[in-house]
Amino acid sequence: MSATSPRAGLSGPVLALLLVGAAVMLTPMVWTLLLSVKSNAALLGDSGAALSPPYTLDNYRAILADRLTSRWLLNSLIVSLGTTAGVLVLSSLAGFAFARLEFPFRRSLFLFVLLGLAIPEQAVILPRHQLFATLGLHNSYPGLILPGLTGSFGVFFMTQYFRAIPRDLDEAALLDGASRLRLFWSVLLPLTIPAQATLGVFTFLASWNDYWWPLISATTSDYYTLTVGLASAQMNYAQTSGLGFLMAQAVFASVPILIVYIVFQKQIVRAMAGTAVR
Amino acid sequence: MASLALKDVHKSYGDTLVLDRVSLEVAARELIAFLGPSGSGKSTLLRIIAGLETADGGEVWLEGRRIDALPPGDRGVAMVFQHYALYPHMTVRENMAFGLRNAGVPKPEIDARIAQAAHVLEIEAQLEKKPGQMSGGQRQRVAIGRAIVKQPKLFLLDEPLSNLDAALRTRTRVELAQLRQRVDAALIMVTHDQAEAMTLADRMVVLNERRIQQVGTPMDIYARPANAFVARFVGSPAMTLAPATVMPGNDRFARVRLAGGAEVMTRVPRNGLVDGAPVSLGLRPEHVSLAPAEAATLQAEVILVERLGDRTFVYACLADGLEMIAQDIGSSAVRVGDRVGLRIDGDAAHLFEADGTGRHADAAT
Amino acid sequence: MRWCGLLLLLLAGCAAPDQRPEIVVQRFFGECGVIHGGSTDVAAADTECGILTTLFNRFEAENPDIRLKVNVVAWPGYPQLAAQIAAGDPPDLVTMHQSVISDYQDRGLLEPMDGVLVEAGVDAATFTPAARAGVVKYGRVYAMPWDTIGRLFHINTRLMAQAGLMRDGKPVLPRSPDELLAQARQFKAATGKPYLVQAHVNAPDFHVALLYTYLLAQGDTIFPDARHVRLDTPAARQVVALFRQLHAEGLTTRNQDFPAATARFVQGGGGIFPVGTWMIGPYDAEAARPGSALYRSYAIAPFPRLWGQDAAFVDGHAWVMPRAARSRSERAAIARFLGFLARYNADWSRTGQLPAFQPVLETDSFRALPHRGDIVAIASTGTQLPEHVRRQSAIQGLIGEELEAAVTGIKPIDRALADAERRVNRLYAELP
Amino acid sequence: MKSGGAPRRLEGLAFVAPFLLLYGVVLIWPLLMGIGISFHRADLFGAREWIGLGNYATALADPVVHQAIGNTLLLALLIVPPLTALALLLALALNRATRGAAVFRGIFFSSSVLSVTIVTLIWRFILTPDAGLLAVAADALGREPLPFLSDQALVIPAIAITTIWWSLGFPIMLFLAGLQQVPADVYEAAALDRAGRWTTFRHITLPAIRRTLLLVVMLQTVGQLQLFGQAQLLTGGGPGGGSRTIVLAIFEVAFGRWELGYATALAEILFAMILVVTLLQYWLVTRREDAG
């Protein structure tokens, strides 16, 4: 059998290598989990203590009692969901127009948008910080969300996806008396759901994990995202004595995103494989 | 009164002319087939009627109303797409209801119409399924159902049978024939399959090179093709066109001589034909038969034998290289390589002038 | 559906309008709400973080008419402060090292606080000499001083005794570089452990403090004017060479960042930890805990005189007010907050830092704190950086990085010092 | 499709306008602002003085910048090829419809969902010689733990390993997507032609997923050239600047030293580097495609 035949099971040596790889992937996480269920005192000076009991959930209780961590979690959710929703809406509208409608400068505008794929965040972030200061957008949700909405990738991706939908569906809808908006909303948009799922999950992940921008834009702890909030705790030497708590925070912060991932895993894989419309 | 009327419709894409001043009238409840090779403009014409393309000029009238400036949904036409274009995310019921809802048809009426159409098309059991769960034939019916429920004044069918396998195609053809009995509207179907057109259509419109070549009943077009293109395009196997010259004479009918020297007496009136003018002698296979050498008009060598069971088509090559198709009995013993004699039934032969214009045997006599 | 949810979340984000004046206080020292929660019992709290947290809680409890927003930032918080000021959204009060004040003051980013301190009832005449030097720039008070940070030797007397380096219950400290090396070797031979516990990783201030101290001792002028630093000097080479030697011979811990070094000393992993006053409190607590490696074997001493004369480079924490438009009521709230803090300066000194107010320094309760007698002189004699020194935070990073490289043997000493000097001078050249 | 007069033609603009507006204001305008600022001696708080190419000249002569560029390129080199190869191998092994493969896919993707703060936190307590897992393991074996975060020779590999562990998921997904586009009958034909595993890979799989490969390499290169969080949080750029990346340098210059002009000039240099590297990769691959 060949390594690439899709139905066959995993052969012995391949399986063994995969198991080793999986162990390498999981060990750091298990280690983190172990550290998070040890009391801070037990870990002081001897993190090896994490390998043996007693274990405790005190660190997690402490997190639930700590209003800051929950606030950061909420901020991350707001920013990530807001960014995701925004990207999906904007990319779908623009993608539909670029793929299906005729309007002046359509081609030039599309090229203009593609240009954005080549612009790294670094080339923009400092002046944008200045710009947002002028606009008074720092330490606000719009200030955290707007930069995430300017990615060209979503528009490009949705345009490609809309283009792949057979045009006779549009025509059938036109004959059925649908307006452009109705065509977009009732006929084509539902067909892009796999693409929306993919783009949505990627956008959510990217936004959730964004670090640079929230680090300099969200500067009061009210608006910290989890990433920045945890970084502020991590770099405080006062936290040396709170290793277990720190690790519990890490686990706590990862749970929502892992849930998102597990829920959408099928969509991610399927949509990335480019399921055809029909 | 004409149901649909096209007046001087023309259309180009940039510099490329795709329809050149097309005019046509379709009667109420008539089934018209647009037949032509790809690129002939037949699909463009259909789409102009539907409103999916805009003509550069000309008028489209339906039931006394000029519709060429209306959006597709307001024209009172329904279309069955070649690939059905069913909305994949909607159930069959939703597919059928979509257009009605857009038109503001009341809900009870929508339900009634869907129930009626589903009954007629025998897809009641499939109403809650999605297109992806159905076979090609079922999807075809749904596509038709979606058109029927709109109760249009005109049905447009774009290559309705091309996506079906052979067995299904025959059955669907019968169903289409029954369908038109039930609906109170004209139908236009686009096809490149002449058998489909001939079996279904009341009249056929043969298109080629951006223009209508001929409009007529199937038998009319088969028997009296307006020009060489129609003659060769309609009928299978295609009519043989043999180069010939008009022989001088005073007969009522024209006598022609083939390039190889053989002469054929036709029943085409000779008035207007110039002596010695080059023409083409048009012969359908059924008018060329195998014959013993003494009764034969021509001698030829068999290059291909096509056995259909009830009859046999014999492709034969004349000495001058011209290929001619003859029809023989089903149990014909002829084999490739045989030398055979061909007998031409001059009474049924057609003549085509140098510009392609067809002349046909005088039916009156 | 999702949109509705999002909308709700956003609405929840903007609470009902609050008429109370709001002050935003930004501090480092870490986040420990988990341990101290809503406690207002300042006296019961320990550690920098704990004392400040309970102090803030107490202020909120006593002053319900003021909204106090606390913003905890990662140490040292200056990149974040710069971002905030650039964003036009600075906090009202910020913890700032006194060595950094000049920088912000020079750029016009800080408000003079003479007025607000008077309103707060805080008399600038009560500042200790070291604190005054730290917060008064060109004749105006730019911050309320909070403490004076000195650097000292934290000593594990049990290990020192084991190495034969105790006399009359006091640690024997070197009086010259050679003696330091000799004692360090003796210590290592006797205990098998490094003489010094040091942070070489990601801890630029660590070596910078050592270098500044011993340059001051040798009478070097480190910052001759506002645009230059002098580091590539014989005196500096001597100092760096000594620490490089210690590192090379394994007489110090290696490869540790600050948390690691802190923990190592607690575990009895080395003899002397030359770090700041802020560790006195935590280590004292360890010294009182039976079972600890430091149990009854902890002492402190000023940096020994290795070259020239006794010297102490000091810094301190202070509360500054970034320049911003503030209403009268907000100013009043800030003044009240500062007055409140000043009253608790004695509690802060339990951390080990020296108080910023002379009266506190002279109280019996402060004198009664352990070890304080050994270091109290620093508050009067400690040397701050000159007021014209700008960009201290960035410069400390640059110099510290080069020093780390030199001490750990990554770079030759000459080159590291030359590089440090060049990098700092280049930075100064870019200043307006 | 249909041309229906001016209103209908403008309808399309209405659909793209929201995105274009944001794109222009929040991306393109700052991009142009940045280029402008880079020609100034500018501080973070608004002071501006035109110095032309001064910042660029300084940058080209600045050894710290050289070191940062070197570190960044080295990191990209240590991360992108192993990451790509590893991801491709795993995708090949996991490109099957069994439950086991799905579980493995989940495992290898799981780290990608963690934020950089958490990844560095986890790895700090793997790598640090005092409390890290590796130190615990070394202790158990009676060995001296390696100072991954403080040795100039080890710190870049340490960051590379951390990054590879973190970033493995997306390339695997992309490769899986690419592999599923390869029609199965091609493999069946190859099997009939008695092609071995390597031959099949080399002559069938690889050409079929060449575009995906290019995409992965380009995305990863662009991403790794902008490496920031790992260096800042794990090592602070140390020791001795040994792990300072360009972006970390930009951050320090901007917010530590307030030299906005110099920082934006560095950002533009990075922008140019990224453009050159990606165009080069694109050109290399497509050129071979044309030739082959």
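By letter and in written order, the chains are A, B, C and D; residue numbering begins at 1 in each of them.
Keep this in mind: a residue touches a chain if its C-beta (ideal position, glycine included) is under 8 Å from a C-beta of that chain, and two chains touch if they have at least 3 such contacts.
Worth saying up front: this structure is predicted, and the values here are computed from it rather than measured.
Between the contact lists of chain B and chain D, the overlap consists of A. Chain A has its Cα centroid nearest to the centroid of all protein Cα atoms in the structure. Among all pairs of chains, A-D has the largest number of C-beta pairs in contact. Comparing the centres of all chains, each the average of its CA atoms, the largest separation from chain B belongs to C.
Centre-to-centre spacing of chain A and chain C amounts to 38 Å, using the average Cα coordinate of each chain. The distance from the centre of chain C to the centre of chain D, with each centre set as the mean of the Cα atoms, comes to 37 Å. In whole angstrom, the spacing between the mean C-alpha positions of chain B and chain C is 94.
Measuring from the averaged C-alpha position of chain A to that of chain B gives a distance of 57 Å.
Annotation for chain A: residues 45, 130, 174, 216, 231, 234-235 touch two or more other chains. Multi-chain contact residues of chain B, defined as those touching 2 or more other chains: 51-52.
Residues of chain C found to touch two or more other chains are 79-80, 83, 86, 263-264. The touching residues of chain C, counted against chain D in their complex, run 78-80, 82-83, 85-86, 107, 109, 200-202, 254-257, 260, 263-264, 391, 393-394, 397, 401-402, 404-405, 408, 410-411, 419, 423, 426-427, 430, 432.
Across the complex, chain A is touched by residues 1-3, 9-13, 15-16, 18-20, 22-23, 26-31, 33-34, 37, 90, 92-98, 100-101, 104-118, 120-126, 130-133, 135-136, 139-140, 165, 168, 173-174, 176-177, 179-181, 184, 187, 191, 197, 200-201, 205, 222, 225-226, 228-229, 233, 246-247, 250-251, 254-255, 260, 263-264, 267-268, 270-271, 274-275, 278 of chain D. Touching chain A in their complex are the following residues of chain C: 2-3, 5-6, 9-10, 13, 24, 26, 28-34, 37, 47-49, 69-75, 79-80, 83-84, 86-89, 91, 258-259, 262-264, 266-267. Against chain C, the residues of chain D that register as touching in their complex are 41, 43-45, 47, 49, 58, 62-64, 128-131, 147, 149-152, 235-242, 251-252, 255-259, 262. For chain B in complex with chain A, the residues that touch the partner chain are 50-52, 71-74, 77-79, 81-83, 85-89, 98-99, 102-103, 132, 146, 150.
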